[in-house]
Amino acid sequence: MSLMEILIIVVPSTLLWAAPLVFTALGGIFSERSGVVNIGLEGLMVIGAFTAIVFNLTFVDTFGSLTPWLAILVAMVAGAIFSLLHAVAAITFRADHTVSGVAINLLATGLTLFLVKLIYDKGETDIISEGFNKIDIPVLKDIPIIGEIFFQNTYWTSFLAIIVAIIVWYVVFKTPFGLRLRSVGEHPMAADTMGINVTKMRYLGVIISGALGGIGGGVYAQSITSNFSHSTISGQGFMAIAAMIFGKWHPLGAMGAAIFFGFAQSISIIGSSLPFLKEIPNVYLLIAPYVLTVLALTGFIGRADAPKASGTHYIKGSR
Amino acid sequence: ACGKSDNKSETSNGGDKDTFSVAMVTDVGGVDDKSFNQSAWEGLQKFGKDNGMEKGKGGYDYVQSKSDADYATNLNTLARQDFDLVFGIGFLMQGAVDEIAKQQKDHHFAIVDSEVKEPNVASILFKEQEASFLAGVAAAMTTKSNKIGFIGGIEGAVIERFEAGFVAGVKAAKPEATVDIQYAGAFDKAELGQSIASKMYSSGADVIFHAAGGTGVGLFKEANDRKKKDPSREIWAIGVDSDQANMGPDVVLTSALKRVDNAVIDVSTKAKDGNFPGGKIALYGLAEDGVGLAPINSKAPNKSAIETAVKDWTDKIKSGSVKVPGTRAELKTFSAK
Amino acid sequence: MDFVIEMLNIRKEFGGFVANDNITLQLKKGEIHALLGENGAGKSTLMNVLFGLYQPEQGEIRVKGNPVNITNPNIANDLGIGMVHQHFMLVDTFTVTENIILGREVTTGGRIDLKKAEKEVREISERYGLAVDPQAKISDISVGMQQRVEILKTLYRGAEIVIFDEPSAVLTPQEIKELIQIMKTLIKEGKSIILITHKLKEIMEVADRCTVIRKGKGIGTVNISETNPNELASLMVGREVTFKTEKAEAKPQQDVLDVQDLVVKDPRGINIVNGLNLTVKAGEIVGIAGIDGNGQTEFIEAITGLRKAENGSIKLNGKELINHTPRKITESGVGHIPQDRHKHGLVLNFPIGENMVLQTYNKKPFSKSGVLNFKEIYKKARTLISEFDVRTPSEYTLARALSGGNQQKAIIGREIDRDPDLLIAAQPTRGLDVGAIEFIHKRLIEQRDHGKAVLLISFELDEILNVSDRIAVIYEGKIVAIVNPKETSEQELGLLMAGSNRKEAGEHSNA
Amino acid sequence: MLKRFNSILTPIIAVLLGIIVGTIIMVVSGYDALAAFTALWNGAFGDSYYFGEVIRQVTPYILAGLAVAFAFRVGLFNIGVEGQFLVGWLAAVWVGVAFDLPKIIHLPLAILASMAAGALWAFIPGLLKARFRVHEVIVTIMMNYVALHVSNYIIKNIITDNKDKTDMIKETATLRSDWLQSITDYSRLHWGIVIAIIGCIVMWFLLERTTRGFELRAVGFNQHAAHYAGMNVNKNIILSMVIAGAFAGLAGAMEGLGTFGYATVKGGFTGVGFDGIAVALLGANTSLGVFFSALLFGALKVGALNMPLEAGVPNELVDIIIALIVFFVASSYIIRVFLDRFSKKEVK
């Protein structure tokens, strides 16, 4: 296989894998930047995947090829609403953020499977007929070499994820909202004295993380699994958290990390066909993404500092 | 609680009831896994309806496991609920069936895809290689690039039978075609199936067969995607276990059928009639109608030629003149006359 | 009326505890109004009420004669009230400009316009003589600079009334001078100031009037021109106070601590301690005077093994200790009252009793073959609690629940009880009230009299001058001068700390 | 006094609230809640068999819970229990099938092997955290996947000849007991529960009564103060992960030597490790708390299996109830506020 051939296979698959992780990791950034640890991203993805699939199955006849796009909007709203539970617990009820996040994960899995059984009277949904499909990006696909590698046989969602990452970077680092969000996650009392409503900002951070986590789940289900079952989302939320930390809580960093995960994942699949990797027992390729991540963190990323006030409660007047 | 349990064991040991009841335990996949759990449940439902039984206690029913640790509990629960015959679906349940069968000697059990040597257990095995051999023939006769793909779930004896039979079928029909074999390492990761399929199609394969349960869903996704994008391209996928034609009317060439439903009905009927094959292996192949090949897609270019060839090979296998290899070792020495 | 602010009969409770009890404060336009009281008297609380952080249970606030209801800092800002907090309210990872504009961002098309904001910040800072680098990160600038950022924050919001809560506590004498200058500029520009400080000298120097509160109650307001420091002090405490710590002549003996050519790097790789030499003898207190950031923290951390030293030698009683583990150093006879009691000194979530054996838990009688003996641990705790007058409900109370002063007494008790040859006291009285300070100073002197070597680090020149037998001035990681407290002045020390050499410093202070 | 009472009352109220909300969900969805709870109860305690199964399920839950709780107490979040559990399971079975030894040696050896394997698996994130400050959450997540694939590989290619399942462990390595099975009507109850209880006691004693525990707790609360006090922070971080991993490995041994007696190739995670997180959190990371919350979880999980059959209610309902309980425990601040208000009124 020539390098070109390898790239033509690896790059779209990398981006396909990365897209849901990018969305969800960006969600994590909003939450943690506001000071609320959100280990419940996995659960929010579950909710997103569930609602997207249910919506898609129900309305595909009405909306046709528009359905998957509407479905991720619905998933976004569902994720945002569900994340309110985490917000109320972690911000208003002063729950330990981690505990509340774990509860979100448990609840999402239990509730969605319960609802699947209630709605469809079986353990998993049917397969959607209208998901996100492979496309060639108009115009760009004709660029020599690059066009073939990056813009053919790929998915709109991958590019949407990259665009959203750039938007998030802009929002977090270039707008008043972002400045306020970060100030609340670093030093809520300082923010309070500057007249910023800490509680409101934190609620917003968590809700946006729910929305993005919902999109992540919706994208995953509609571009990869095509149905919803107990195993649709199994660990991607945690991988998104890993991407967020790996990317040092920076939107573009998290995007890079998610793409790296996608790449490692692709290599583990294509590896057995590459001449120099062929002889290696399969197990090494299977664990490669995870080992590479750990090595990367140990080797050249070093320590990453979370927003200072993340995981803490802001109680007015306490010091 | 004590009194109640006494009560229960009394009835369960009584045995002089007039109705026959049967139930099954699924693995974590559940009865709609589009794979053998589903097939088994369909068989059980058919058996129940044909015999005028009702779903529930005293009729036919199933329990879904939520983890490996639940198998034994569920098997035992069903035995305690007085079902006369309890199926454990899948080789994963082998240990649990073995154990519970030893405890509940008055009940009949059956295990699918594995062997348990107890007098009250029937072991249901399939000659998957025969079905996949036919699939291999169909694939070989369809491919233009002479590159064919095989996606396996987790490596194991059952999937190895699929693999060996498939490769043998390809070789038999078109010796110059090559088969790219890859395992996903999971039965429930559609995304892995999709990536592997994408890789195979991108590197020239035009027919891919999967024996990977839910992972195989990704194969159909990828095939459909590519077909939709470029309808002129010949892209085919082959399903497994049940007829998966509905996964992609334009791309599913055929499916290697594993009629768990038929086997379940067969064993249940035998048990009901007092001929329970306890302690024996019930082996289902082409001859027993336990495996087979689904109808060839009408859009396939040389549909009738394939059908003829398949029929031909089927007869040879049924007659015993061709013995399809069930392991990689056997495959090495296999040669199709 | 010419009052810009009137706080009338303010009452603020914290769950039953009355922090402000019927306090009245009236601020005239263009005056500097001092607010004086002991630790915990309720000063910060009163100001937080004015700033909208707390809601009072009773009382009325008027701004320029109009009754107002200040429910959050935004309203205070809109009313022209700004506050420079006792603990800085700055986001470390932000730049100076970002901190200043936070909540009032300058935008063009939804985007923060940093260029424009920086220009505005530069303009204000030039107008009021508050030199800052608008692009610097807060974590990279000095404490004095950070304070200027705090002031700029209020001015940026167009504050007419600026509240300063203990602004000088963290500053060097030179910086304090600058601050006083700044305040005078502000008044000239038509602002009014409320100044909270424990330093009577400052009040005498800049304030026009002073309101005194004691234990949450208002004692009254006096004109500075009609009073003197002694009167203010007795109003504040409710009794006569002496300002000088009594102590006998020191009798220094052999060298206990001998530091030679010590070099310590900070995380950025700069030699923050840069060839430092110092000896401390048995029976003397050596005070280290210096501006924060000149290496005193790193110096102590190197002695105590909390930070790696690059080079040099640290000898205790002649034995080399450089880069040994903290445990080894502790056990060789070093006691350490750390600068940050919450970070280093205590495990706040442990009972105070367990904190008393933080270093000795693995020694008999507190444990035997790895198993703790709680009976002995709490017996020791009870002894220390009564000996060092630690006010706590019980020895099982979490350290977190104690007030700062009592936490500090517990640490001091623990360190002294281990009977070290060298006792290092880093800012042992920071934020404590007069009574506690007196107690701690006595203990340090007592240790000296028992023949121990004591090394005192403090940013309070008063404390250094009163307690030390010798003063070592640290500047840029070196001891640049050793002076006798009896033969020096605050001015001279201040100049030495700012890097002038001995001769210049002497000339300046004489001039 | 009142405070202590409230701190026991809070989790009880959380459990009740969880059940109430669960009931509402069932009623709204048109299920028979009473039948569901009856089925749940019968499925957990209706019979000595089910009680035995509950205890069997509780056993790994306790140990997995301890594995999370122990690390938590030292300030580390061990999401890697699942992986440590899998390698512990594998190691125990490996020793169980590979050797022929007298029981007195074989069983302890298999147990020790599981602890060593879990400890090793946790040592890596511990070391990376201590040495390079790499976030333990990421490393433990990654180690879970590595454990899954590596143990599958070892089962297939090293212990067996391309099979999906190892042989049964030798009789000399089993935790099972005919007697325990006979008194519980042939449940899979095994001696592991004794080990789990010993595990609780060990964790309590180690943390609360020893100098080592003093250090671990100090590091957990305040690393700076621990360093100041002369404790080796890095060593304690690594040690805490190693001990946590040993607990998780032990949990694996419970499955390998008790419940199953073999190890199989797995398509995905077992979930025990993740359930351990919830167990630990519900138990407030204390050994006694872990014990009781594991009991609750075990009963709910085993009892739930009976719900679809007997009451036609999806057993996911129990997952919802468990999640709600964790949620309410997390929000205990608000429960306490209510309790305080309530008790104040009483006094007045």
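Each chain carries a letter (A, B, C and D) given by its place in the written order, and its residues are counted from 1.
Here, a residue touches a chain if its C-beta (ideal position, glycine included) is under 8 Å from a C-beta of that chain, and two chains touch if they have at least 3 such contacts.
Computed from a predicted structure; not experimentally measured.
Peer 1: Measuring between Cα centroids, which chain is at the maximum distance from chain A?
Peer 2: Of all the other chains, the one whose centre lies farthest from chain A is C.
Peer 1: Which integer distance in Å separates the CA centroid of chain A from that of chain C?
Peer 2: Computed from C-alpha means, the inter-chain centre distance equals 45 Å.
Peer 1: Rounded to the nearest whole Å, what is the centre-to-centre distance of chain C and chain D, using the mean of the C-alpha atoms as each centre?
Peer 2: One centre to the other, that is 47 Å.
Peer 1: Suppose each chain is reduced to the average of its Cα coordinates; what separation in Å results between chain A and chain B?
Peer 2: About 35 Å separates the centre of chain A from that of chain B.
Peer 1: Among the residues of chain D, pick out those that touch two or more other chains and give their numbers.
Peer 2: As it turns out, chain D has residues touching two or more other chains at 149, 152, 268.
Peer 1: Chain A: which residues touch two or more other chains?
Peer 2: In chain A, residues 231, 234, 282, 286 touch at least two other chains, as defined above.
Peer 1: Which two-chain combinations touch?
Peer 2: Every pair of chains meeting the touch criterion: A-B, A-C, A-D, B-D, C-D.
Peer 1: Could you pull out which chain B residues touch chain A in their complex?
Peer 2: Residues 28-33, 64, 180, 182-183, 185, 188-192, 194-196, 198-199, 202-203, 214, 217-218, 220-221, 225-226, 228-229, 247 of chain B touch chain A in their complex.
Peer 1: Which of the residues in chain C end up touching chain D in this complex?
Peer 2: Result: residues 304, 306, 325-331, 336, 338, 343-350, 354, 358-359, 361-362, 367, 370-372 of chain C touch chain D.
Peer 1: Tell me, which parts of chain D touch chain B in their complex?
Peer 2: Listed in rising order, the residues of chain D that touch chain B are 43, 45-49, 53, 57, 149, 152, 156, 162-165, 168, 185-186, 188, 255, 259-262, 264-268, 270-272, 301-302, 304-306, 308-309, 315.
Peer 1: Once bound in the complex, which stretches of chain B touch chain D?
Peer 2: 1-2, 4-5, 8-9, 57, 61, 63-64, 66-70, 72-74, 76-78, 80-81, 91-92, 94-95, 99, 103, 153-157, 160, 185-188
Peer 1: Which of the residues in chain D come into contact with chain A in the complex?
Peer 2: Touching chain A from chain D are residues 25, 29, 77, 79, 124, 128, 132-135, 137-139, 141-146, 149-150, 152-153, 157, 268-269, 277-278, 281, 314, 316-320, 322-324, 326-327, 329-334.
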